[in-house]
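Paired with chain B in one complex and with chain C in the other, chain A is shared by the two complexes that follow.
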Partner chain A sequence: MLQSPKAYKKRLIGKLWLPKAQHYGNILRPRLRKNKRLKILSLTSDDNYVEIPRLIEGGLAYKQDVFLWTYDHFKKMRLQSEGFQVLTPARYEDTVTKSSGVIAEHFPFGILNLDFISQDPKMSQGRMELEIESIEATFKLQAKSPADSLQGFILIYTTMVDENSVDVKNLISKLNSYHVDGWPGLAISSYPSLAATLNEKTGIINKVLKAIPSKYDYTLLGCHPVTVDNILSVVLAVKQI
Partner chain B sequence: MIKPKISRQASDVAQMNKVLSQNLIRSLKEFKKEVEIICEQSRCLNCWSNALQAYESAKLISEIFVDLYASIHFSGCALYKYADMALRSALENSLNLAYFVNHPVEFGWWEKGKEWYLESKVQHPWGEAYSYFKYLGSGLSNSKASERLVTHISSEYKELSKSIHSSSLRLQTGGAKLSPSVDIKRFESWSRRIQKIVSVINALLILACNKQFRDMTKSDKNLVLSAIIKEHKTLLQSMDLL
Partner chain C sequence: MAREVIGHLSFGIYKNFARAIRELVSNAYDAGATEVKIGLDLRSKTPKVIVRDDGKGMSINDMRKKLFRIGTVTPPTDEIDEETGRKKIGQFGIGFLSTFPYCDLLTVATKKRGEDTIVEVNVETGRFFKGDTFDITEQKVAYKKYRSDLPTEKGETIVTLEKIKPHIVNELKREHAGRPDTSIDRFEGFNKFKWSICQFAPIQYPPNQKDLLDFFTYEGRNPLRLWLDGKELFRNIPLGAEILEKGEEKFGDIRVKYVTMSPMRPVQPQEARGLQVRVRDVGIGLPTDFDVVKLKGRVLGKLNHICGEIHIIEGLVPIMIDRDSLSYTESVAKMQDFFRDRLTKLNGKLENWASEDKQIYSVLENVSDSKKIVSRLQSAGLIRYKKERLRLPKKKIALLSERLPQVMQERAQERGFEIKVEEKPSIRLPPIEVLSRERVLIIRTGHPSLKERITILGKSFDVSSDEWGYTDSVRSACKIEGHKAVFNTAHPIFDLKGLDEETTRRLVLGINLMMDEQQGKKAILTAFYQLLKELF
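What follows is the complex of A and B.
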């Protein structure tokens, strides 16, 4: 376990998030040298939003293009008092899978930092499955939104891997229920029923994340998973075909 | 840093900030435990915000939150009368939410400032003596319980209205004292009242949005239930709403 709940972010920013975001920012916006002007959505916390100044200082965005997400009203108020735009106080995974219309107008984003740990998740059966479903729903929203000059995006998924097994069969069925014309769906037979260990879970998550982009006509530029203790963080970069 | 100069009149207004800040710090220290409980209970609004987010009227939850927040703040600053006013607003917004969540068309009118019930001489959305909320419980296993819940709402509303209508016992100033000062009894009385109001708000929302309450995660349900006092919980239980 991590010694401090805040420590994971500091380590991941330097090790994964920032270098990969800069790398793919250069690919998505090669002509913009000083600032990549990427619109950011970040699930974050009022007492630890250090990723935002780092992404801004790293030349990826301007503050006015940053949208924050927190599930809590008190936290929303505190973040707004720091001059940030903060979206609906609710659980991102519930909003994007059940009420996506509420946030659709803000899409598309250039960087989506889906750091579910920052939202104080409750460790329960089905949590990771819903988070992954929310990534599928995020892709759907990104693809459906009016095209911008970027034609691609960077998605960072960060989660706590707990002792609950991942119900892979159910997850695949859920993902397949997001219908796209001409998409045959993920073959349930090529996945195990359950993922119980850390290795099994990270393996399944990586496999699923790599499969989602092509469904929405994106080509995968790169997929970079990192595990720090029991935290899994994956950076995914995609570009429209 | 150079302080921008303000006029004498403006400084008369700004000087109140000093005493209010002192009061706030003192209240937050002296009533640390009460404030923590109240803030924690206010977090149940996050659960409702999540559960009702698909509804247009869910934006009223932010308004209820700010009313509660303002009430906590005013009370901390020893502005007890205004703390009650904010509480009544929280209760009104909750009643509106409980009605509009199932009446999206009327919500659209209301949002535009239209008071259709005045124009067509139909009843106010809450109905005569809150009859709409009695109606919500009428088909349930214990309809008397919903009437009792409505009686609670009504009596809390009346109690808070005393601060709006300047009842002699709810004046902000006392004797020759003009500047607000921390008053333990008044704080404690407000503290009991806000906990009751938060409880009423949750009970009311469970009555009006029972399906959404049942669909909440276990931890969200528990958070909502922790904000409801025993008396209200018993009423909800007797209506099979929990």
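What follows is the complex of A and C.
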């Protein structure tokens, strides 16, 4: 059973998301003092989108630059009635990996809050692998989009670490299938074939997340994982080389 | 559906987009919604407006009977619905139809309280038009059912106006067209829409308007909360508006509660001038002065300073189908007469206040720290108008400080202040003091800075007045004692028509001074010429 969405968000916003976003926002947009004017994409819930006002009040974006994502048609309408721009109602991980063209025009973003817990995920085998694959696809979209003045971004990945083990071998080969010229790919031999425990899973996720940026010519500014019960949230900040 | 209803609709009565949205909000109100959220998505390729409420929702049968059967007239009732604590707004069953001209696709997704499914219906609104006029014919509308993620006991209705017509999108996106604030037509499109919604929708007064919130709390009034693009909306109340009067009246079979207000300057925007009539808490048309100027045949100079609200709280009110006017019944006529009379009297009251305020400002003109005194008098409500709002005469009004307590008497009484007059005060004390806590206003009439001074022919005199016997000569109208000039207020020269009091005093003093000081015809003529130059 998922932890109450309001509870985990409240803790993560104050502890990780907002302070790190502000820190890296300053690095990415040092000249803008009052508001960093970052374009935000946030996977969120219709009954709890508390991270948005916090990020806006925190001087990171204006409301008109916020795009929300929700998987459900009715949730989308509810969020739209709050005056938000909401993108396609579908699973983010499915859209970005299989039909990224639908959303490509909205990229790049300054902050990508990929909070998969807000999307009421089904705890099934292969879920986390797909989420990580979607991060790879997100990097690809970010790198492919016309360069803006920002030349970097902040990615927040939040997921529920469940009992299903992660098929690391399969994951690595999927990530390697996102071919980039001159990039040799992740060495499968340096990863275990399965990750079963919470520690193993968070370890693998961190390692993979740190490896993805260089593939798309980004320098890693920082990677900050936090675990709250069985929830893992990682803030990743990157800048173009 | 009656042909005349279609006629009304086709004739363009629903020409105002905000009023169409008002109809959706009114539907939500009747459905017992406590919260309504309106979102405008004008930047996407298919602009849309979403209106969501937490009312009781509808089943497919309810939709068939109420929503899609256009023109189902419900006999008006004055009963309060037990479930909602409200009196029903809808009568004609055409509110929903009012949105049709503004979009090409209308989606209604609704979940009825007590059920677990959402019913979603898509209506291609274009099918109901022939050119610019409604063509209401029977149309089949398909629907889909989904399992809802909401708890069974909750209801919800989401109406989405998709593919909004370009002229509406352009209007909503319109930026400043001119000087802002003066008229809603000069507002940015979004602000005009917002203003209109705030004006018409059955919502609450701003939280800082405690008097209005208290006064307009009555049985059957149960406003909903309304958000536009995530921001909560409240009734439009002009900044700084002060309540002039409030009351309750009965006219035939209708009972009203009313409040009149003024910000002590022209009410802005101009559309807010006059009294807003509300039935079931919904604005009927724009605020009106009931054509008082036309019917009374008088110019009412301060009429545009007045705004207010009239809530019809009891009785079956005959509202026209456009919901922008009332039928002219005997009760309505009586009500209109009453408010014409009130507006005329209030106009007189404001004109009187303005004239008194002018006199007070005039007396305070020579006081060194008058700004501080004025600000205290203003916050105690003892001066209503701001100085810049009044056209003070270039020449000082002839008001002796002794008359100040008299001028301020009525307003002090209204505000619960007692006036204390000190004729021989210490110079160190301010000439006027407001003791708000003690509700005392001290006017130190003998204070030197309140003393009127007249400067004439290069000399300055403290002025006071008295009465004594007089002759035809101007000499008996004034006595000069050193730096003091005492005027004989009994002298008929002060009743002279054509000259104001100030000029008369200066003339009298000047002649007396000239006669006292100048010797020889030539010197007197030169001084007289100088005096006339100074005066006129």
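By our rule, the second predicted complex is superposed on the first by the 237 of 241 C-alpha atoms of A that agree within 3 Å, B and C clash if a C-alpha of one lies under 4 Å from a C-alpha of the other, contacts with A are read in each partner's own complex, and residues count from 1 in each chain.
Convention: a contact is a pair of C-beta atoms (placed from the backbone, for glycine too) under 8 Å apart; a residue touches a chain by one contact, two chains touch by 3 or more.
This is a predicted model, so every value here is computed, not measured.
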**Study point:** Clash or fit (per the criteria above) of chain B with chain C on chain A
**Key:** clash
Exercise for review: For A:48, decide between first (touching chain B), second (touching chain C), both and neither.
Suggested key: neither
Check your understanding: Which partner, chain B or chain C, touches the larger number of chain A residues?
Key -> B
Check your understanding: In the superposed arrangement, does A:71 touch chain B (first), chain C (second), both or neither?
Key -> first
Check your understanding: Can A:83 be said to touch chain B (first), chain C (second), both, or neither?
Key -> second
Point to revise | chain C region in steric overlap with chain B, selected from 5-13, 59-67 or 365-373 | key: 59-67
Check your understanding: Looking at chain A, which of its residues have contacts with both chain B and chain C?
Key -> 72, 74, 77
Point to revise | Contacting residues of chain C [partner chain A, same complex] | key: 37-41, 43-44, 48, 50-52, 109, 118, 146, 148-149, 158, 160, 227-231
Check your understanding: Given the complex with chain C, which residues does chain A contribute to the contact?
Key -> 63-64, 72, 74-75, 77-78, 80-85
Review point. Which residues of chain A touch chain B in their complex?
Key: 71-74, 77, 88-91, 94-95, 98-99, 101-102, 122, 124
Review point. Which of the residues in chain B end up touching chain A in this complex?
Key: 39, 42-43, 45-46, 49-50, 53-54, 62, 65, 69, 217-219
